[in-house]
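Structures follow.
The following pair of complexes shares a single chain, chain A, combined with chain B in the former and chain C in the latter.
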Partner chain A sequence: MSHHIEEMKAAHRLLAEFTYERYPVQRGYTNRTLYINLSDSTIASKPVSEEMKEKFTGGKGFGLWLLWHGIRDTTKWNDPENEIIISAGPIGGITTYPGTGKSLVVSLSPLTDSVMDCNVGGYFGPYLKFAGWDALEIQGKAEKDVIIFIDGDTGRITIEEAPLEPVDTHLLTDILVQMYGGDDHHARRAISTVTAGSGAEHTRFGCLNFSWYDLRRRAARVKQAGRGGIGTVFRDKRIKALVVKFSDLKADSNGPADLARLQRVGTKMHKEIHDYDDQQCGMRRHGTAYLVGIMNDYDLLPVHNFRYGSHPDGHKIDVRVWDARFTQGVPDGCWYGCTLSCSHAVDGFTLRTGPYKGQKVIVDGPEYENAAGLGANCGIFDPDYILEANFYCDTYALDTISIGTSIAFAMECYEMGIIDKRATGGLDLRFGNAEAAIEVIHQMGRGEGFGTIIGQGVRRMKKIFVEQYGADPKILQDIGMEAKGLEFSQYMPKESLAQQAGYGMASKGPQHDEAWLIFMDMVNNQIPTMEDKAEALHYFPIWRTWFGLCGLCKLPWNDIVPPDNALTDEPTKIPEHVRNYVEIFSAVTGRQVTSEDLLLMSERVYNFQRVFNLRMGFGTREHDKIPYRAQGPVTVEEYESRAERYDKQLKALGYDVEKMSTPEKVAALRAYREKQYEELMDAVYARRGWTRNGVPKVETLQRLGIDYPDVVEIVRRAGG
Partner chain B sequence: MKILATRPERCTGCGACEIECARTWFKVDDKEKSRIRIFPPAKEGQPFRIVVCNQNGACIDVCPTVALKRAKNGVVQLNKSLCVGCLSCVGFCPNQAMFYHPDYTEPFKCVACGKCVEVCPEDALYIAEVAEAPASVTDTWLQKEAI
Partner chain C sequence: MTVVAGQSPTIVVNGTRELPWTQGMTVRDVLRLCNFTYSLIIVTVNGRIVPKEEFDTFPVPPEAEVRVIHLIAGG
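Moving on, here comes the complex of A and B:
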């Protein structure tokens, strides 16, 4: 350990200490959660009841349940009683199947003011469980910056005031793995950290970085819990870092009921990836960045704040570029045994701007969302800019999705003349201006300038632009790509009704992890009718929720498929992989379940989250509406750019387009598409067992076994 | 470097090598715990299939914990204390010659010890001298300075 780090460590002041007996994980659970209150330095163990396991499974389910009991109806994101909860779920931490190391993070969001959940890779969640805890629940606020250290090797937890370490992730993570892991690289892999960064302090979309240790690069790498500003909550609580240590990882650390079964299913899956990934998505070579070119080709890549779905320069940031930039041949899995290995990195990248200018760094990514959001959506097709922005977003802890959509919105407002250089502090925020965009990001890091306005997110920018610059609220509502206060992720949904509803009806806001239907709707044309779409919007959000209950990544479910998948009855569900999950859940917990059982686990938590939104003052039909930019062409210019497509749709509806002006056509198309969206909402609510206002019916709660008195009361008040 | 090489056309499928291997490394008479496996011919008239590691090292670069390394004698060795039992190497072995058994959390493979050669009655197995394998991507990384 360097002298420099010794000095930082010596400056730590112990605020609280807690020792506990560590015992082996039993069938995926430790049966207790760790509660920490930073206001009074409480550290306590809480039991996990059988009811909690049966009804909420784990992961996000535990997070929602703990938060529900930890806060009041009136709690705001920056009140001390708001919590951050991290949980791995019962399968989280097995090593024998790909994509099994996810942590689920739950909190009240500074963007949506309601409940938020994120899933993230890295080693933290599994190590937390193996250290003895099914979940970590942090409440309260510290007076000064603290580090919470959970030593799973010795059974000791400390809260330490930590004044000297920097907050930006790439520096802090590196320091902490050395401080707590020592000089040996294999010992450093026993450490995982959660950190934020300076940008999280000055914006509402701060993210959290979860670390894992790369033994080839001999450096810490990070994955992000990106959505909804939980990094902002983290810094508001004056948490500098969470550190967990666990040294004895083995294939049976999760205490599975049937290791043989896990080994059998896991090796089958590894072989499937070995045999077919190259021919399918190529995740091992490109990660999610493979999507950029495909999305551009199908007119689904957001360009210029979602005005368009493609750009002639799209190829400049497509997979060939990233393929050449990523270091190949390294097992880039963010948890052990993930042979899909999508966590690629660019090595030896020299920063050209900002406080770390001249440093040679590892850039984790870019993922598809980063290339699309920071790049295409802002009209920037420069890979070096995307890498620079990607790096700074991570180290400052800024969600690349929210920042991309927010900068794109500000750029469009600037080009429309809604804001000018006086508003932006001299920044020439036209589309394509990479120099201005990187300066916005640095302003968020420094906490100054127009960057801090963009850092409020689209919903609050709309309000500011109306109040301070006299903008027309109607046009801002049409082009501001947020719903529920959360910025849209980077898929252009205009031509996919199913994706529009997937975004609009998602519990936390428009994020694709709940209902990524754009591919099956637009690329593969697998859900053509309204009934097909409604069924998909019932099944897939529920199925996808299950991954978040168990600590799993969704990519090994649908970014690789068995060669005969197309010949099955329901290829969109990937039946063989569903069977794999039935097997591994049964093998871990010893409960012999069916695929219907998995869906029931999810449907409970899905409905509970909807009720949680209701409790916080949201969660009804009006909150499932989306800006028209997500549904169709807002402007004449947008219409005319795809006139043939839109004219054809109007003709099919019986309009005589030859006699109509473009504004008339825009209006006619809008009326039709908005009506379609409403019809689809009706169909989906009915399928989900909700009222027309989007409220779960009491009978639905009863069927699911979550008809607790306080839950029922909230639903009744909302007319459910 | 030395590897275990095969003459499948001579193999009669007696399984003596499997038993000897399991006895040598696991002290049991259980073929399922052998590091060399013999499978019946796919079709009549074809030879038995002898599955054993040829030390090509494909597994080295898929191991997340760098538990698989080429030893000085060229043989690929598993360091069990580093292994977390993910079995990525099992799925990614091009010859399907990395094995596992539910009694153990770590996989196992042939290290060309030659015990099976001694017991094969048909001379279907032998130790061969082959060219040094090229360096793995992992070796190249580990020769560099840490970042």
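Moving on, here comes the complex of A and C:
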């Protein structure tokens, strides 16, 4: 350890200490959670009841349950009683199947003012469990910056004031793995950290970085819990870092009921990836970045704040470019045993701007969302800019999705004349201006200038632009790509009604992890009726929720498929992989489950989250609405860019398009599409067992076994 | 399928998209015309599944109903 790091460690001041006996994990659970209150330095162990496991499974389910009981109806994101909860779920941490190291993070969001959840890779969640805890629940606020250290090797937890370490992730993580892991590189693998960064302090969309130590690169790397500003909550609580240590990882650390059964399923899956990934998505070579070119080809890549779905320069940031930049030939998994290994990195990238200018760094990514959001959506098709922005977003702890959509919105407002250089502090915020965009990001890191306005997110920017610059609220509502206060992720939903609802009805806001139906709907024409779409919008969000209950990554479900998948009855559900998950859950927990049981686990938590939104003052039909930019062309230019498609739709509705002006056609299409969206909401609510106002009915709660008195009371008050 | 004299034959992709049929047309030609560049797809021609290794050679007859089912990934 360097003298510099020793000095930082020596400056730590112990605020609280807690020792415990570490019990082995039994069938995926430790049966207790760790509670920490930073206001009074409480550290305590809480039991996990059988009811909690039965009804909420783990991961996001545990997070929602603990948060529900930890806060009041009136709690705001920056109140001390808000919590950050991290949990891996019962399968999280097995090493015999790909994609099994996810942590789920739950908190109240600075963007939505309601409950938020994120999933993230890295070693923290599994190590937390193996250290003895099914979840970590942090409440309160520290007076000064603190580090929470959970030493699973010795059974000791400390809260330490930590005044000297920098907050930006790439520096802090490197320091912490040395400080707590020592000089031996193998020992550093036993350390995982959670950190934020300076940008999280000055914006509402701060993210959390979860680390793992990459032995081949001899460096710590990070994955992001990106959505909804939980990094902002983290810094508001004056948490500088969480550190967990666990040195004794084994194949049976998760205490599975039947390890051999688990290994059989894993072996089959690893072989499938080995044999077919290269011909299919190529995750091992490209990660999700391969999607940039695909989305551009299918008119689904957001360009210029979601005005358009493709751009002639799209090829400049497509997979061929990233293939050449990624360091190839190293297994890039973010958890042990993940043979799909999509976590690619660019090594030795020299920064050109900002406080770390000139340094050679590792850039984790870019993943699809980063390239699409920071790049195409802002009209920037420069790979060097995307890498630079990707790096700084990570180290400042800024959600690349929210920042991409927010900068793109500000750029469109600038080009429309809604704001000018007086508002931007002199920045020429045109689409395509990479220099201005990177300066905005640095301003968020420094907490100054127009960057801090963009850092409020799209919903608050709309309010500011109306109040301070006299903008027309209607046009801002149309082009501001947020719903529930969260910025849209980077897929163009304009021509897929099902995806519009997939975004609009998502519990936390428009993120694609609940439903990605664009191909099924727009390209395949597999779900043509409202009932078909409603069924898909019931099944897929419920199914996908299950990954977040168990500590799993979604990618091994459907970014690789068995060779005979085409011959199955429902190939879009990847039936063989669903059977794998039934096997894994049964093998870990010893509970013999069916695929229907998995869906029931999810449906409970999904409905509980909807009620949680209701409790916080949201969660009804009006909160599932989306901006018209997500549904159809707002401007004449947008209409004309796809005139053939739109004219065809109007003709089918009986309009004589030859006699209509483009503004008339825009209006007619809008009336039709908005009505369609309302009809689909009705169909989905009915399928889900909700009222027309989007409130789960009491009988639905009863069927799911979550008709707790306080839950029922909230639903009754809302007319459910 | 019957080709009506005097009318140029077509094919229909995914039930909605009509394309002109050409002599010697293969599955690969259809994918190219539609700009279907995504790899996780299942193709049927008149209800018959076409193995991926036959995309370059499998003939698409006039008036064929072609389905190109894109599986979901990435998202």
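Keep this in mind: the second predicted complex is superposed on the first by the 717 of 720 C-alpha atoms of A that agree within 3 Å, B and C clash if a C-alpha of one lies under 4 Å from a C-alpha of the other, contacts with A are read in each partner's own complex, and residues count from 1 in each chain.
Everything that follows uses one rule, which is that a residue touches a chain if its C-beta (ideal position, glycine included) is under 8 Å from a C-beta of that chain, and two chains touch if they have at least 3 such contacts.
Note that the coordinates shown come from a computational prediction; the quantities given were computed from them, not determined experimentally.
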item	value
Partners on chain A (chain B, chain C) - clash or fit	fit
Angle at chain A between chain B and chain C, C-alpha centres, nearest 10 degrees	70
Touched partner set for A:I362, first chain B, second chain C, both or neither	first
First (chain B), second (chain C), both or neither touched by A:L215	first
Which superposed partner A:L249 touches (first chain B, second chain C, both, neither)	first
First (chain B), second (chain C), both or neither touched by A:Q279	second
First (chain B), second (chain C), both or neither touched by A:A652	neither
Which of chain B and chain C A:A10 touches, first, second, both or neither	neither
Partner chain in contact with A:T288 - chain B first, chain C second, else both or neither	second
Superposed arrangement (fit on chain A Cα atoms) - minimum chain B/chain C Cα distance in Å	21
Overlap of chain C and chain B interfaces on chain A (superposed complexes)	none
For the chain C and chain A complex, residues of the former touching the latter	14-16, 35-40, 42, 49, 52, 67-75
Complex contacts: residues of chain A adjacent to chain C	279-282, 288, 290-291, 293-294, 297-298, 368, 491, 512-513, 516-520, 523-526, 528, 558-559, 561, 565-567, 571-572, 574
Footprint of chain A on chain B - complex, ascending	61-66, 82, 84-88, 90-92, 100, 102, 105-106, 137-138, 141-142, 146-147
For the chain A and chain B complex, residues of the former touching the latter	95-96, 185-186, 189, 215-219, 249-252, 259-260, 263, 266-274, 329-331, 333, 336-339, 347, 362
